[in-house]
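Next up: the structures, one after another.
Each of the next two complexes has chain A plus one other chain: chain B in the first, chain C in the second.
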Partner chain A sequence: MNLATYARRNLFRRRGRTILTLIAVALAVLIFCFIRTAIVAWNAGVDEAATDRLATRHKVSITMQLPKHYIDDIRQVPDVKASTWANWFGAKDPKKRLPFFAGFAVDQDTWFDVLDEMQVTPDVLATWKQTPNGAILGDKLAHALEVSVGDKLVINSDIYPGDWEFKVVGIYKAMRKTADRNTLLFRWDFLNNDPRAAFSKEKIGWMVSRITDSVHSADISRRIDAKFDTQDDQTQTMSERAFQLSFLGGVSAILSVFAIGSLVILLIMTLILGNTLAMNVRERTHEYGVLRAIGFPPGHILGFILGESVLVALVGGLIGIGVAFLVINLGVSPALEEAGGPFQYFRTPGYLFGVALAAAVGLGVVAGAIPAFLGARLKVTDALRRLD
Partner chain B sequence: MSENPSIVTLSGINKTFYRGKEPIPVLENLDLDVPSGSFEALMGPSGSGKSTLLNIIAGLDRPTSGTVKVAGDDLTAMSDGQLAKWRSQTIGFVFQSFNLIPVLTAAQNVELPLLLTQLSGPERKKHVETALRIVGLEDRMHHYPRQLSGGQEQRVAIARAIVNDPKIIVADEPTGDLDRKSADDVLILMDRLNKELHKTIFMVTHDPAAAERATVRRKLDKGALQ
Partner chain C sequence: MVPIQYNARSLMVRKVTTFAAAFGIALVVFVFAGALMLNEGVNRGLVTAGRPDVVIILRKGSDAELSSAISNEYLGLFRGPPQVAQAGGVIGEIIVVVNAERSDGSGVSNVLVRGTPADGIAFRPEIRITHGHAPRPGTDEVIVGKAISGRFKGLEEGGSFDLRRNRPLHVVGEFSADGSSYESEVWGDLDKVRNSLGREGVVSSVRVRLNSPSDFDAYRQTIESDQRFSMKVMREADYYAKQSEAIGRFLMIIGVVMAVLFSLAAMIGAAITMNGAVAHRVREIGTLRALGFSGRSILLSFLIEAIVLSVIGGVIGSVLVLLLSFVKFPVINFQTFSEIVISFQATPAVFWKALVFSGVMGLIGGLVPAIRASRVSPIEAMRA
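Showing the complex of A and B:
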């Protein structure tokens, strides 16, 4: 036997209470991991945004389109290596196999040069350039829509009326874990030449430029926007990161609330743990008096109580992490990633498990601190008199 | 008895408790000499200060004034930490309600005071077996307190009190929670500890039969020895 034996045995002295506390700690850690994973997943696209790319959109709103000739003007700006553009198509699956996916009308000659997180073979690219209604899909989208190369694909749009018939010419390969594998790409000229898109003839949604030096991205952005200052349609150019963040703008407030919520969950866990410890110490006051009487110094009593608190937090934290791994990384994650949408990569990263466990243990110390301090300060004769 | 040197010497002890601002004197100008190797019983009505006196002798409480010398050490000059260490080496405690730790076996309860020493695991085990053999419970060493009778629990508590070979055993109503038969067994055991192992025993009791076992009987009333 050693001193830890006593602390360990105390853990299951009130089995029901300890199990409930362990569940509370595990649940708090699970919720913390879930919320933090959602935040990490939301920000993943932003975090992985290319630093040498700029996005240019209408100064008023992303929903307003720009004249197509702007792309030629941007390409004249010094330090801009390459530029491409895209239009939002508002794609919908008429058979409703997918609730949501992104569809873009893009420039077949330059898109893959600038957006290099999507890759196709030269053969596919050559075929696409020769096929006006050719479409290239992400592998998950192709799987969900049950099409492969050579198949016909009919898509509807929120913006453009009627059925849009494409021929699948290739599947792009996602080169980043956050790259959307549920995107439909088709040729901008196919959209532009269709009478149903007459209202947006020779218009483009936004432009993406690759620049020579990311350090000077602010200067280059200013130079691009200055080119259109006197035009009817003015532009706003920003880093790709800022562009991504502008999409998350409305969500960022919600994410902040989630972030605070995850901390509140840990605070509640601390209070539950602290309450359990306080009850345990109160019940064992007489016993601590006996230990002090036979010679155990206050530091040992402090250690017993703190050790018990940390042990509950550690065991509860480990259970929470194990459940989080099973539920998030093996359960929810594949389903969410398969469904597409905003979570292209929804996994709890290893460091987050470490943070959750460290937080649980740290808060275990905090929760146990006051009961431990009070327990250690008990006057022996008072503690011996306490019988409840 | 008086030929033996004193192991406990109290001089001019006063102890006053306070209820709010109102002082309540419990011990007044009390002197006491306990010879080494004696078996003393302290009797008296409830509230007479018996337990307070016992606590002062055992280093659990401090007098308001006066000096306390036990086993050659001046307790009034010690810090709380020094007192804790001193108690672990000098005093064996026997309580009325046994006070065994319910989650530890009899052997583990007896081993508790030894965890504060430098003894190795095998050495501790040897000491524990010896102590349990003295109290006649070596066959119950792996039993938990709930699996023992009251008398057996108190004998385990006595084993815990003697396992670190203390100079003095203080006992606060050691037979108070026991039936007559169990109480007699415990008293016989304490008598043996006094006579065979030469332990000084200072016992507070209400039980006249228990007091009869002691070689010296004292009475405390209204804070003064009579």
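Showing the complex of A and C:
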């Protein structure tokens, strides 16, 4: 019998305890992966925002609109390649089949040139340009509202009274995995020509511009804002990422709760692992005394205990990430992504599995450290005297 | 029954392992109680802002004050019905969200500005000016709620911000509002605010004080059936409950799901500890059985020990969670895209639920070890 055999047999001496500890470690790693994936998924939409696009909004308030002629002015700014605009419609489904979706009144001639993560076929675009009340939907939204191309679609608004009737002319394709597939697009001129929108006649909500040089986006932003500085309605231009974050600002606190939660579960795991190790060491004190008495140095005892801790953490961690992969990437994700909502793309990235495993092993060392140290430091005589 | 003292002493003897298991449970209770406190904060911040005798009128089709618009001329008509309280019974206000830069440099967010008439502050008895003075009617003076004071550039006493080019509003004071969401708003003069926005003659919402809460149905009937306008009448409390519904439920679900998942891990921790205790004390258990204690008493004794262990954790967690009372938590109101700052609210119910939760964890975690203990055969045990 060599030392490795001794260590292996030790591991399964209290089989129930080892198995429970393995389950606890695996569970903690699974929960860690799940929480971290939620954070990654939440940030994904914002992180994937195009870096060569700027959003220009009213300086004072997002609810205040800009004069239509601003779009012509912004196109004069050097380094602005293309610009388009949109108005927030406050869209609501009269049958309340889904709680929230984005509805934009947009320019049919330029929208898809700038927002290239949404794509339609040339045929659909041509039809749209000939259909004043034409609407283009994301595939998930069309599914939720139970409409397909050619159907009539009635939508209400939080801002504009009454029923708004559209004709569905197409479904856009999301070209990026985080692109929203729940958006309703219809023609801005259709809104602008309606008497119910008289109070926002010839007004646009915000502008989105594609720029030639994303490195100098800050300079270009300043140039755009300078252009409107002497006007009554001043603007604030920012990266698309900052624009999206200005709506999600309050969410950052929730993300920090997630981040703290993911650390708490690791702490719980460390406590459980450390507890198991401490109990093992306590029960084997007598044996360690014997080992020391027949000549094994304290370093060996330390190695036994620490090795056992790391081994349990490693095996538990591997089980945890395996289950996480099966449950999250193959089970939960397709369901969550189908359901719409905030998670357009809910997958655990590969590096996260690595981080989780490294955290488990690292904490295995931490958990084993104190019991190992105490075990190694035992005096032979004390250890042998202890009988319980 | 085996004396509880026996359990208490047993826990004391194994200080380290008792503490490790209890602290694991404390962390779970911390998460659980934190979620409950946050939910209390949301309820307090958003729901209790409503008073039973006040109704809010919005344009039909609008779900929030921000998207509603009502012509000034209707205010007189809202005052007409006999259910309306005589003095200071009707106020119309304008709501706008403004772009504000965070003081800590972490980007921009939206803050809600309320333009209120001269009697708007008196309409809400919970408003207290905590610093500076109340804005004088008809001036460009504003006050800022204490929850957001200092969180955004210019939004603190002595600061100023633009609603329109070269027409700054000056912050002259700070107010509290009994923890309600008003504390996350900026209040100024009705006409100043709406003129700056070019919305003269329009209000966003109208609040009406009725003689008694029971007049609601009659008043609502009168206004909603009036052919001259198309309005929606809600109790103020219902309006706020609806506003907070989405965010409150969202936070609650996240918190409780997290706590329940965490509790699985902590229960395994408790089970390991209790299993160890049983294995360690087989001879003691055998002795107890030989002395005449029944298997059922042993079962009960170990269950109590597990529950005591985890309630110790529950108490530690409950004490730790009190620290959250000092934390301000910004959430987003999805209806206005503006930030509301809420605080964690400790109530007796939170602690009561936290202790029960920890007790249940101990019960479940200790069940299998306790059953094992009760099945120890006295003869085998004494021989071991």
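Rule of thumb we're sticking to: the second predicted complex is superposed on the first by the 380 of 388 C-alpha atoms of A that agree within 3 Å, B and C clash if a C-alpha of one lies under 4 Å from a C-alpha of the other, contacts with A are read in each partner's own complex, and residues count from 1 in each chain.
Here is the rule we go by: a residue touches a chain if its C-beta (ideal position, glycine included) is under 8 Å from a C-beta of that chain, and two chains touch if they have at least 3 such contacts.
Nothing here was measured: the structure is a model prediction, and the numbers come from that model.
Taken together through their common chain A, the two structures put chain B and chain C side by side without a clash. Contact with chain C, but none with chain B, is seen for A:16 once the two complexes are overlaid on the shared chain.
After overlaying the two complexes on the shared chain, residue contacts for A:24 are found with chain C alone; chain B is out of touch. Of the two partner chains, chain B is the only one that A:286 touches; chain C does not reach it. Touched residues of chain A were counted for both chain B and chain C, and C has more of them. Of the two partner chains, chain C is the only one touched by A:63; chain B is not.
Using C-alpha centres, the superposed arrangement gives chain A a vertex angle toward chain B and chain C of 90 degrees, stated as a multiple of 10. In the superposition on chain A, A:294 makes contact with chain B only, while chain C stays out of contact range. Contacts of A:245 after superposition on the shared chain: chain C is touched, whereas chain B is not. Superposing the two structures on chain A brings chain B to within 10 Å of chain C, judged by their nearest Cα atoms.
Under the contact criterion defined above, no residue of chain A touches both chain B in one complex and chain C in the other. Chain B meets chain A in the complex at residues 55, 58, 60-61, 80-81, 84-85, 87-89, 93, 95, 97, 99, 101-104, 108, 111-113, 115-116, 160.
Against chain B, in their complex, chain A makes its touches with residues 1-3, 5-6, 9-10, 13, 286-287, 290-298, 380-381, 384, 387. On chain C, the positions that touch chain A within their shared complex are 16-17, 20-21, 23-24, 27-28, 30-31, 59-64, 66-67, 69, 96-99, 102, 106-110, 162-165, 197, 230, 246, 251, 254-255, 258, 261-262, 264-266, 268-269, 271-273, 275-276, 279-280, 329-334, 337, 339-340. The part of chain A that touches chain C in the complex is made up of residues 14, 16-17, 20-21, 23-24, 27-28, 31, 34-35, 57-64, 90, 99-100, 156-159, 161-162, 199, 232, 234, 236, 238, 242, 245-254, 257-258, 261, 264-265, 267-269, 271-272, 274-276, 278-279, 283, 388.
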